[in-house]
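Notes follow the structure.
By written order: A, B, C, D and E. Residues from 1 in each chain.
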Amino acid sequence: MSEPLLKLEGVHTHIGAYHILHGVDLAVPANELTMLLGRNGAGKTTTLRTIMGLWKASQGRITLAGQDITARATPDIAQSGVAYVPENMGIFSDLSVKENMLLAARGARTLDDVDTKRLEWIFDMFPAMKKFWLHPAGKLSGGQKQMLAVSRAIVEPRQLLLIDEPSKGLAPAIIQNMIAAFKALKAAQTTILLVEQNFNFARQLGDHVAVMDDGRVVHSGAMAELAEDTALQARLLGLSLGAHQ
Amino acid sequence: MSFLKDFDWRPVALVPLLAALALPAVGSPSTWLTLTVAGLAMGLIVFIIASGLTLVFGLMDVLNFGHGVFIALGAFVAVSVFGGLNAYAIADSFWLNLVALVPAMLAAMAVAGALGLVFERVIVRPVYGQHLKQILITMGGMIIGEELIKVIWGPGQLALPLPETLRGSFLIGDASIEKYRLLAVAVGLTVFAAMVWTLNRTKVGLLIRAGVQDREMVESLGYRIHRLFVGVFVAGSALAGLGGVMWGLYQQTVLPQMGAQVNVLIFIVIIIGGLGSTLGALVGALLVGLMANYTGFLAPKVALFSNIALMVAILLWRPQGVYPVANR
Amino acid sequence: QSSKSEIRIAHIHSKTGPLEAYAKQTHTGLMMGLKYATGGTMMVGGKKIVVIEKDDQGKPDVGKSLLAAAYADDKADIAIGPTASPVALAMLPVAEEYRKILLVEPAVADSITGDKWNKYIFRTGRNSSQDAAANAVALDAPNNVIGVLANDNAFGRDAVKASKDFTKKAKIVHEEYLPVGTTDFTAGLLRLVDKLKDQPGNKYISVVWSGAPTPFAKIAEMELDKRYGIKLATGGNILPAMVAYKQFPGMEGALYYYFGIPKNPINEHMVAEHYREFKQPPDFFTAGGFSAAMAVVTALKKTNGDTNTDKLIQTMEGMSFDTPKGTMTFRKEDHQAMQSMYHFRIKADPAFAWGVPELVREIKPEDMNIPIRNKR
Amino acid sequence: MLSRLLSHDLPRSRPLAVLLALLVLGLAFAPFLFPGVKALNVAAKVLIFIALVVSFDLLLGYTGIVSFAHTMFFGIGAYGIAISATALGPTWWALIVGALGALLLSLLLSLLIGLFSLRVRAIFFAMITLAVASAFLTLASQLSDITGGEDGLTFRLPELLSPGFALMEDDFQGPFGPVALNGRFITYYLLFVCVTAMFLVMLRIVNSPFGRVLQAIRENDFRAEALGYRTVVYRTLSNVIAASFATLAGCLLALWLRYNGPDTSLSFEIMLDILLIVVIGGMGTLYGAIIGSVVFLVAQSYLQDLLRWAGALTEGVPLLPALLTPDRWLLWLGLLFVLSVYHFPTGVVGKLRERASLKGTKEGA
Amino acid sequence: MLQTSNLTVRFGGHVAVNAVSCAFEPGTLTAIVGPNGAGKTTYFNLISGQIKATAGSVTLDGRELTKLPAPLRTRAGLGRAFQLTNLFPQLSVRENVRMAVQARAGAGLDFFRVWSDRKDLIEQADRILETVALIDKAEARAASLPHGDQRKLEVGILMALDPKVYMFDEPTAGMSVDEVPVILNLIRQLKQDRSKTILLVEHKMDVVRELSDRIIVLHNGELVADGEPESVIASPVVQQAYLGVNPEEAVAA
């Protein structure tokens, strides 16, 4: 296993008076896809937000490509090549789809500066983006907003993607497209940390997996291992696969 | 060009429409011309003082009730600069007058901008996103600012006479066009062009609008929204300072309360314009300027309410102003 | 009740608010006047004069409560003030309730000594009628055609009403009322021009305006004199406001006070003292404050320091006293101080920032037939 | 019993309860505790502002509507009394007619404004009310035949309420000085009773199921609609109730001052004062109105005295006297605006309650 | 019976829902599927009155609802849970549900009683919190709940309204796998009460397959298929446009 691109060591996070993360240890290997699983309230979103600097870790260390980013400001972290798709999608609903994308393309002054191939690739994957290009993003359907949120994260190459539940609300066909896209991104040297509830989706994609419970990582290892071991799944995820695909 | 095709001309057309409707009502063409030019120029001055507020209130969504203090400050700084450069101001050459005028404008913008920086840090920063507190705290800031102006320059009115060559009028037949108003038109259009360029040709405008909706997300995209907001606030304050110079010269007297006096007026302008739209603010300001002059001539009593009636009428037509920018 | 060793005078004025600058002048004048009148001792009839300063902020309700508090809590014997007419009008009944004297200075509304008057009210300041009468003297000639531009409020309308009473020979062809705070005077002026420009005779726009912004600059910018031969006429004002007059050399009108005009020892003293202390000349309202002080001290000297209200009223009715503007007399009927006004002509003197009013003639009280408007 | 009276909405913090009790007792016995015309004036103004601020809190704190037209209703109330007392003379009938007339006008206007509020969004609504309020102010000063214009109206009240009326020949000798038992004294207690009643009624309204819906609408009006609440109706009702209470407060103001003018009841300054009081006290708490009104009005009334004293102390220090003169009291008032927004983000009531609940959780743990 | 006939809405040039006519019987659960942007949520919005139809009508038990605003439709018996969570964020979890209970009880315009005197409403709210397994968090602010719990609360609010027609818009999206059964059981219970009409938008085909009596498919705003679950899922339009499966693969599966 290659040297991890992102590493969390004993990270604690408080939100106001509440202690949410209780010492998260997590290593995200470069150029691979790590799934972060766990039940509601386990602290997955909080972990991503802490990495992004949106919550401040009260203890512990976060390193990105060897550099300590624990105390850095969010824009700095983003500028060192991290893109984030938040759970609530963070769509700028007053802006058009195009303007949303333009802002995500940090290096571009106008859209002419954006790599057209990459745009075409995104349009192929999410045709709705092209169709509603000039529409206010707030008027998109739930799934289309989700597509926009993911599109924004990949409009320019980044070294690390933090993605919070991208599959929710998406039709199966689109999920398939997205799986293909993540695979392509991986091939293009992008590291991905993905929070997911849809285990089926997770299983198809993940190289590695970490499972959280109650503000800690309670299991981490290769995806293949977890995918095989139904007993482990049941223990960690409460998953009785019979009920699901 | 698709830009032209998609462009919504109707609000802009209101301006000539209003002028055209006024012609038969006013009767005499020369009076009408005088009123119209005065109204348009007045509109542009109002636009200059309101332009900073479109940035701060319209785009940044900071209900800045203290904007007026930058206007007053700009005007008072101009009084001081003029005092120092009096020889140039009273010289009988346009260029020498400019030697007094330009530094006065720059100084006013610099001082107002600097105060804007302090204002943003101390007053506005803790209350981003909280309208009510913004109203109170900026109002408090305005009171403090106004009192400090009184401490420095005294509580009374001061004279700010026009530079020599800007006095008087050009006469076209029976109509008169004050020279100063032409200068106001030039400055106003320059400010307008500069703002349109910055907001539409760069990402600044987008970023501010996005930042107001979701600061965290903008930061997550890698932008230092904070610096941007500070910058915009300072720019808005500096524009107010410039507006103060223009307004002060227009009145030829300055008062510590002059900022508070125009508060409601500039709010009306940017509300009509649609909160954050530069073009909207321009249209709003021109409409207000024209309306004030026409009703002032036709029915002075009505003039008292003309701005408000105008605003209500516009909002009944377009509940979010003529060029809505944000869904607020 | 007034056997104390102090005479307490409450000065209630708009120390803060839009009229702050006026109020300051009044207070300076009052203090200078008290000092002058008592020969620097601040004592009358063996009693010390104590001035209690109160700030009505230009608000009638505040003024009203302050006056009550001054009489009741601070045991003031006499109150002086306020700056603004609405405040004064709200105060009048309080003086009556507490049966104490209120010496009005410098609020001008006619009704203070007119229909709202009660016997406890005296006024050293000029009233609107006096202003109007004086200006009429300056402007009321057979061949003159006048358009009036005034504030659209009680002050403006009062003044215009009064000036119509005094304009006998000239013709007033139009009255234009504009709200205080008008920012663009173009429309109003055009209406006036429309009415005036085709009239025969000497055409004037007579301006009665208080508050900023003022219309003077606009009248100059529109070059009405050059284009239509329409001249500006207006009364006096505070010095910063007279800066705009510089653009109208030769303009005539009547004013209440300008430091260079009255020639008497009191004025000379006041001007010298003021220059010494503030490095600038006294202004419009300084003279008013000074006059009020002179009135109070003169009365107290006559009663030998007795502050009994009835006695004071008796003393003050018909009393004459010296002021920077010469001798004034409280008219018995309405307690208005009758005083001189000054017909002036503006000269542009590069040594001064403002247009300098030069005396044409002193208008004596007897030259103005100021009506008695109260219902005594 | 007390809890019922307070609609089970108790202070929920011991220090707060003590503070409130002190203030209420202080107001109840103000004529005896703080003799003197000025002190009584301040106390009466506090009472009037409590009623006014409480009504505004219903709009702002509970319904989430930012309106700048609240002083308009306050002014209507004050003008109602002033105009009818001027026109009909100093009779009780005049007062009743004036109050009813004012209420009726307020009702109509608030209905109109309430309905209009649905067409436009929050900020636009706020700005429109600002404009409408300033138009109303202009109107009041223009209609000088009715309203007395900028001079306002000074009028007389029925004998019982006028200063000349004496309950007893001699002053009552209180422990802190003589108290004149005159018409002013009676008027003060009339105010006290009215304001107490208004406060309790408002407390009941905000704690009723209706009040709860208002809070839900403030949070998420779209959701409230989807639950079957017609936000139009609720918002409008809230507007109407707030306006009526403000009108009544205006009537009380006129009774106390026996004067009314545009600046006295309609100015934007008063609107700001109300806002600040709501924020100092704590939005959406009602109790905040009591604390905020006392703090603010006492500060406003005595700030100049304080500054005179401070200015005398610092004489000789450069610059300070220029800032510490009573003439610059507004500077310090502005500072009060800024600091109270800084330090009491949830108001005094909110702060005390937070502290109490933190203590509660700690003790519980 | 809930019926839409010819229901249409146009946004500018874009027809989001195009002449959809359909009837839903009490006691049945109809799943609505379709690609993203097909118009499912918009269809719900039209039924519950959040947006106004350009054409067509909505009737419930023969009563015409098309002209009614949203709150009145809710009172008429249409209940709705939202796709993007839509709560009273600063109110407590219990208060969120109690608001719904109070709405159902029609007690909103009661000015003079104290809210806590209506103990019955509070108890009812608590019962519902128990069924959605949120009773432990009754005092928490809704905004502080993790996403999954917010989804549960959204469903709880709908339950509290106890409408004739339940409209669920992706109730399980973002809910963790072990919590999903809680919601599914709730829906099953509703089905057992034969009087309720249930509409369900859901992208998880296993859930759809398990719960639904009938599936309708929206595509580009049009109703393109309607019928038994198995046959609809097997139809080529669903396989291709929705599930993104090649026909050959589908046969193989």
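A few notes on this one:
We take it that a contact is a pair of C-beta atoms (placed from the backbone, for glycine too) under 8 Å apart; a residue touches a chain by one contact, two chains touch by 3 or more.
Computed from a prediction, not measured in an experiment: that's the story for all the values here.
In terms of the stated touch criterion, the partners common to chain B and chain D are C, listed by label. Set side by side, the interfaces A-B and A-E show unequal numbers of C-beta pairs in contact, with more at A-E.
Chain centres here are Cα means. That of chain B falls 37 Å from that of chain C. Look at where the CA atoms of chain C average out and do the same for chain E: the two points lie 76 Å apart.
Chain A and chain D have CA centres that are 52 Å apart.
Counting partner chains per residue, chain D has residues 138, 142, 327, 330 touching two or more of them. The residues of chain B that reach two or more other chains are 150, 155, 304, listed in rising order.
Touching of two or more other chains is recorded for residues 20, 152, 179 of chain C. Under the contact rule stated at the top, the pairs of chains that touch are A-B, A-E, B-C, B-D, C-D, D-E.
By the touch criterion given at the top, residues 202-203, 206-207, 209-210, 213-214, 216-225, 325-327 of chain B touch chain A in their complex. The touching residues of chain D, counted against chain C in their complex, run 36-38, 41, 138, 141-142, 144, 149-152, 154, 163-164, 257-261, 263-264, 304, 326-327, 329-330. Contacts from chain B toward chain C in the complex involve residues 28, 31, 34-35, 38-39, 42, 150, 154-159, 161-162, 167-169, 171, 176, 178-180, 251-253, 255, 257-258, 261-262, 265, 289, 292-297, 300, 303-304. Residue ranges on chain D touching chain E, taken from their complex, read 7-9, 204-205, 207-213, 215-216, 219-220, 222-231, 233-234. The part of chain B that touches chain D in the complex is made up of residues 63, 122-123, 126-127, 131-133, 135-137, 139-144, 146-148, 150-151, 155, 264, 267-268, 271, 275, 301, 304-305, 307-308, 311-312, 315-316, 319-321, 328.
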